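As written, the chain order gives the labels A, B, C and D, with residue 1 at the start of each chain.
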Amino acid sequence: MIIISNQEIASDIYELTLQGELACLIKEAGQFINILISDKLFLRRPFSICAVNKSQKQLAILYQVVGEGTKILASKKAGDKIDVFGPLGKGFPLIDNVQEVLLVGGGIGVAPLYELAKQLHKRNVKVNTVLGFASKAKVVYESEFQRYGEVYIATIDGSYGFRGNVIELIETKKISFKLIYSCGPKAMLKALQEKYQHIKGYVSIEERMACGIGACYGCSCKPKDMSLPNFRVCKDGPVFELNEVII
Amino acid sequence: MLKLKLPGLNLKNPIIPASGCFGFGKEFSELYDLNILGALTTKAVTKLERNGNPTPRIAETDRGMLNSIGLQNPGVDNVIKNELSWLKKFKLPIIVNVAGSSIEEYVEVSKLIAKSNLVNALELNISCPNVKDGGIIFGTEAKIAYNLTKAVREKVDLPLYVKLSPNVSNIIEIAKAVELAGADGISLINTLIGMRLDLKTGKPVLANKIGGLSGPAIKPIAIKMVYEVYQNVDIPIIGMGGIQNAADVLEFMYAGASAVGIGSANFINPYICPEIIAELPQLLKDYGFNDIKEVIGYAHK
Amino acid sequence: MLKLKLPGLNLKNPIIPASGCFGFGKEFSELYDLNILGALTTKAVTKLERNGNPTPRIAETDRGMLNSIGLQNPGVDNVIKNELSWLKKFKLPIIVNVAGSSIEEYVEVSKLIAKSNLVNALELNISCPNVKDGGIIFGTEAKIAYNLTKAVREKVDLPLYVKLSPNVSNIIEIAKAVELAGADGISLINTLIGMRLDLKTGKPVLANKIGGLSGPAIKPIAIKMVYEVYQNVDIPIIGMGGIQNAADVLEFMYAGASAVGIGSANFINPYICPEIIAELPQLLKDYGFNDIKEVIGYAHK
Amino acid sequence: MIIISNQEIASDIYELTLQGELACLIKEAGQFINILISDKLFLRRPFSICAVNKSQKQLAILYQVVGEGTKILASKKAGDKIDVFGPLGKGFPLIDNVQEVLLVGGGIGVAPLYELAKQLHKRNVKVNTVLGFASKAKVVYESEFQRYGEVYIATIDGSYGFRGNVIELIETKKISFKLIYSCGPKAMLKALQEKYQHIKGYVSIEERMACGIGACYGCSCKPKDMSLPNFRVCKDGPVFELNEVII
């Protein structure tokens, strides 16, 4: 695909917009792409699709610079070509007859929720969004999510919005919900799982990947129902029912 | 010009996805027609279902990767029922990679697969570095490799390819042992054992600590082993380890491979097998060959 | 914060140019002051002058290289007279790498070097893959490794580091054997055996056909061996194999190395040793260490 | 160093001009530099210095695209930075009281002879140059050498100049000489050695290298005098007396 733009939108967090036919193949919010960032690296790197614009054949991802690959990615410029494989995986299912949902994003995990918010909004679902970040410098996409509904921000250090984590925020603000969609660090997803065992929800999880298509069994995760075989995050996920997987 | 015959395998071309890098074919069948492949090797199959090692199971290294999958597979009964039956619809030689924790398990799994009549050959994986109770221990002692191969040979009529571990002092000794025990071919090489530490946590990146190293990093080691084993056995070799393109295929075949396995390259470029197959004829011509068979062992001529 | 003590070696820092990648120091002394190094390991020394293998002796591989130098060196008498005497002027622990075709040769060379009183330690190279009549055969059998180490130990008072070959089924067994025989330390790893074929000629690129693989490609294998040997012996390890920067040094020391050898990286960046030495203090701080000694074996804590 | 220009001057043959302090350290024609072309490659690549301009801090090399490294090098552009180590090795010695010399270059081996021709010319030595190439498409630097003396060109296929190799040309044209400087393919150097055993001369030879400074013993070559130890091409050469080495 061709890079349309690649901008730092918060400290070490970038928004990358890509153009190519691949954008038209995306089926669900929550799917991901697998990028061969540089031939210096051996493996591809998976990133959630954050926004899709099929008429312009564009998609966007948000990424955080955490290692060599994302560092190289951050140095790419508009006009550069980049080897992208996808779209991959199963995204967030849209449930009929739901009037209101809660999106809970942690850190860079806000990415796949954004396209989801857009789609839910289009279906006239009321979207409440809770986003948690380490600190003010890491806050992204607040105003973007506000387009589609109410947005609450929590920061661990209290430098912006609510001081604390997303669950403390939900509890404190007494936000009620029947359906939850979430993506974020493992610890956060685990806490959500424990807290809301009775509630219907979906989470997008991460695991180290090689193939990204279900062929190598690198990205296994265990189902709660021990009689079932392992899931493959890349093929059977990355989105799972909140209480179906062991996180 | 790419056609080849190996024991039990009528290959349209020498390109065979390597075990563990292609599942049981389903995922790649969504990307391209599997019938264009020379053959297909399945993920390792054990008697019972296995869940493999804890994650992370994948780590990147310089021009390579470590994996510690640990033989995750649905068990031989499931494999026959759901995977091999599904594969039947392709006109493609199927090689099933067999693993186990005991010689008995190898024999039993092999027998069940043979009985299913769904496959063309077995590849005995005596070289998996990722499980404590199996795999590699059978591949590092010539005597055990011999006994294992012989035990399967006596009970099973399918062509047997034995996949050897490169983590040994003397690969020739082991290759000769499995030949003597009745192997029809040798697959070379499985992964080298490696480790990566996470500088932040101080701990191994892989939950299993160690993993198998594959990719271009290991190619020179693989070429050397294929070259030496070719000089010392009379059965054909399926060569693998780091192949990324058609030129690498040629290098392995020069060294003595009759066909090649494409492993981790499938992860980087999911279309690598069809691409190599498409490029091979021209490459052969460029180097003055009329037929792929001329290339086998060319370095020794 | 970088200072360390190993048997016979007072190191200013853990950075030691590896044998064969630094000659006898003269060439690099024209580039920087050798006194900044932790220590220096010489090229392998044999009894008589050796010319080594025919050329080409060097081939590039993916993130690595093959060499088939074959122990070229001027012989122990010349080394003492021209090289070790010259090195005397530096305030630097000198480790002499010793090789041979027989246990007697190892003993004899070691005795002569010990007698010269010019060096701080010996490194017994029982792992050179590049000569037929010596080196590696001593390093692939635990018993022979034991006998060789013991023979030198009995005749020589210098601290002995034994450099092991990674081309073995069981590195722990060999490490334990040399420890039992009286080694003061273990150097890990020497090169893996590899080969590259030239597609045009069809022949091996190296005149010697096979060569030793070094560089980042082999780092995961080296880390794994250091990690495992650390758990099984009580003598210190000099770790090496693919180190390119200060982070790699940390990884080796986490795995259990007390000091590290920098080999082929010297060819790519001739200033790599001083650069790493300069970067280490900040890197240690970044990862929360106050002293290099805290890092040794950190992955096991 | 910084790339000033990088041009294809004949089929697959490029002239690369570099600028940097390194240029000022060059002592002799015939020395070489060791280039880290790309971090995709592990080893540096050695190239003879072809021309030096110390006042502008520039040097030039000529290179032929033969493999991955030179292919990548050919894609570099003016303004790009490149990691160069050198100058390395011993070059061509200038001999006092010589009035006339013969330079014999084969293929890309013409490179180090050009700076030599310049220096000899400056010392008022008469320079005759014989250059051999595979074919017309490979001919380089004819007019450049003509600045410093008479130039004879041979091509193997006869597509330009004399048909045949350099030795046939020298014999046919009855070029006489007392001192010869040469660089080119091994076969050519070997033939020169056999033919002109009695004549004083210098040859620059190639060997696969790793360190380039004499520390790894990768680039050995044997002296004709078997009582001497091996030479290292990178340190003791690449220029040797015509009849001192076994080529």
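Definition applied: contacts are C-beta pairs under 8 Å (C-beta built on N, C-alpha and C of every residue); 3 or more make two chains touch, one makes a residue touch a chain.
Here the structure is a predicted model, which is why all the values come from computation and not from measurement.
Visitor: Need the most distant chain from subunit B, centre defined as the mean of C-alpha atoms.
Guide: D
Visitor: Between subunit A and subunit C, what is the separation of their C-alpha centroids in Å?
Guide: 47
Visitor: Calculate how many whole Å lie between the centre of subunit A and the centre of subunit B, each centre taken as the average of the chain's C-alpha atoms.
Guide: Those two chain centres are 36 Å apart.
Visitor: With chain centres taken as the means of their Cα atoms, state the distance from subunit A to subunit D in Å.
Guide: 58
Visitor: So how far apart, in whole Å, are subunit B and subunit C when each is placed at the average of its C-alpha atoms?
Guide: 34
Visitor: Multi-chain contacts only, two chains or more: what residues does subunit C have there?
Guide: 61-64, 216
Visitor: So with touch defined the way it is at the top, what topology do the chains form here? Options are line, ring, star, complete, other.
Guide: Topology of the interface graph: a ring, with each chain touching two neighbours.
Visitor: Looking at the whole structure, which two-chain pairs count as touching?
Guide: Between chains, contact exists in these pairs: A-B, A-D, B-C, C-D.
Visitor: Of all residues in subunit A, which touch subunit B in the complex?
Guide: Touching subunit B from subunit A are residues 36, 41-44, 85, 207-222, 229-230, 235.
Visitor: Which subunit A residues qualify as touching subunit D in the complex?
Guide: 39-40
Visitor: Can you name the residues of subunit B that touch subunit C in the complex?
Guide: Where subunit B meets subunit C, its residues are 61-64, 66, 140-141, 167-170, 192-197, 199-200, 202-204, 209-210, 213, 216-221, 223-224, 227, 242, 247, 250-251, 254-255, 287, 298-299, 301.
Visitor: Mind listing the subunit C positions that touch subunit D in their complex?
Guide: Contacts found on subunit C: 20-23, 26-28, 30-31, 43, 49, 51-52, 55-65, 67, 69, 72, 74, 215-216, 264, 266-270.
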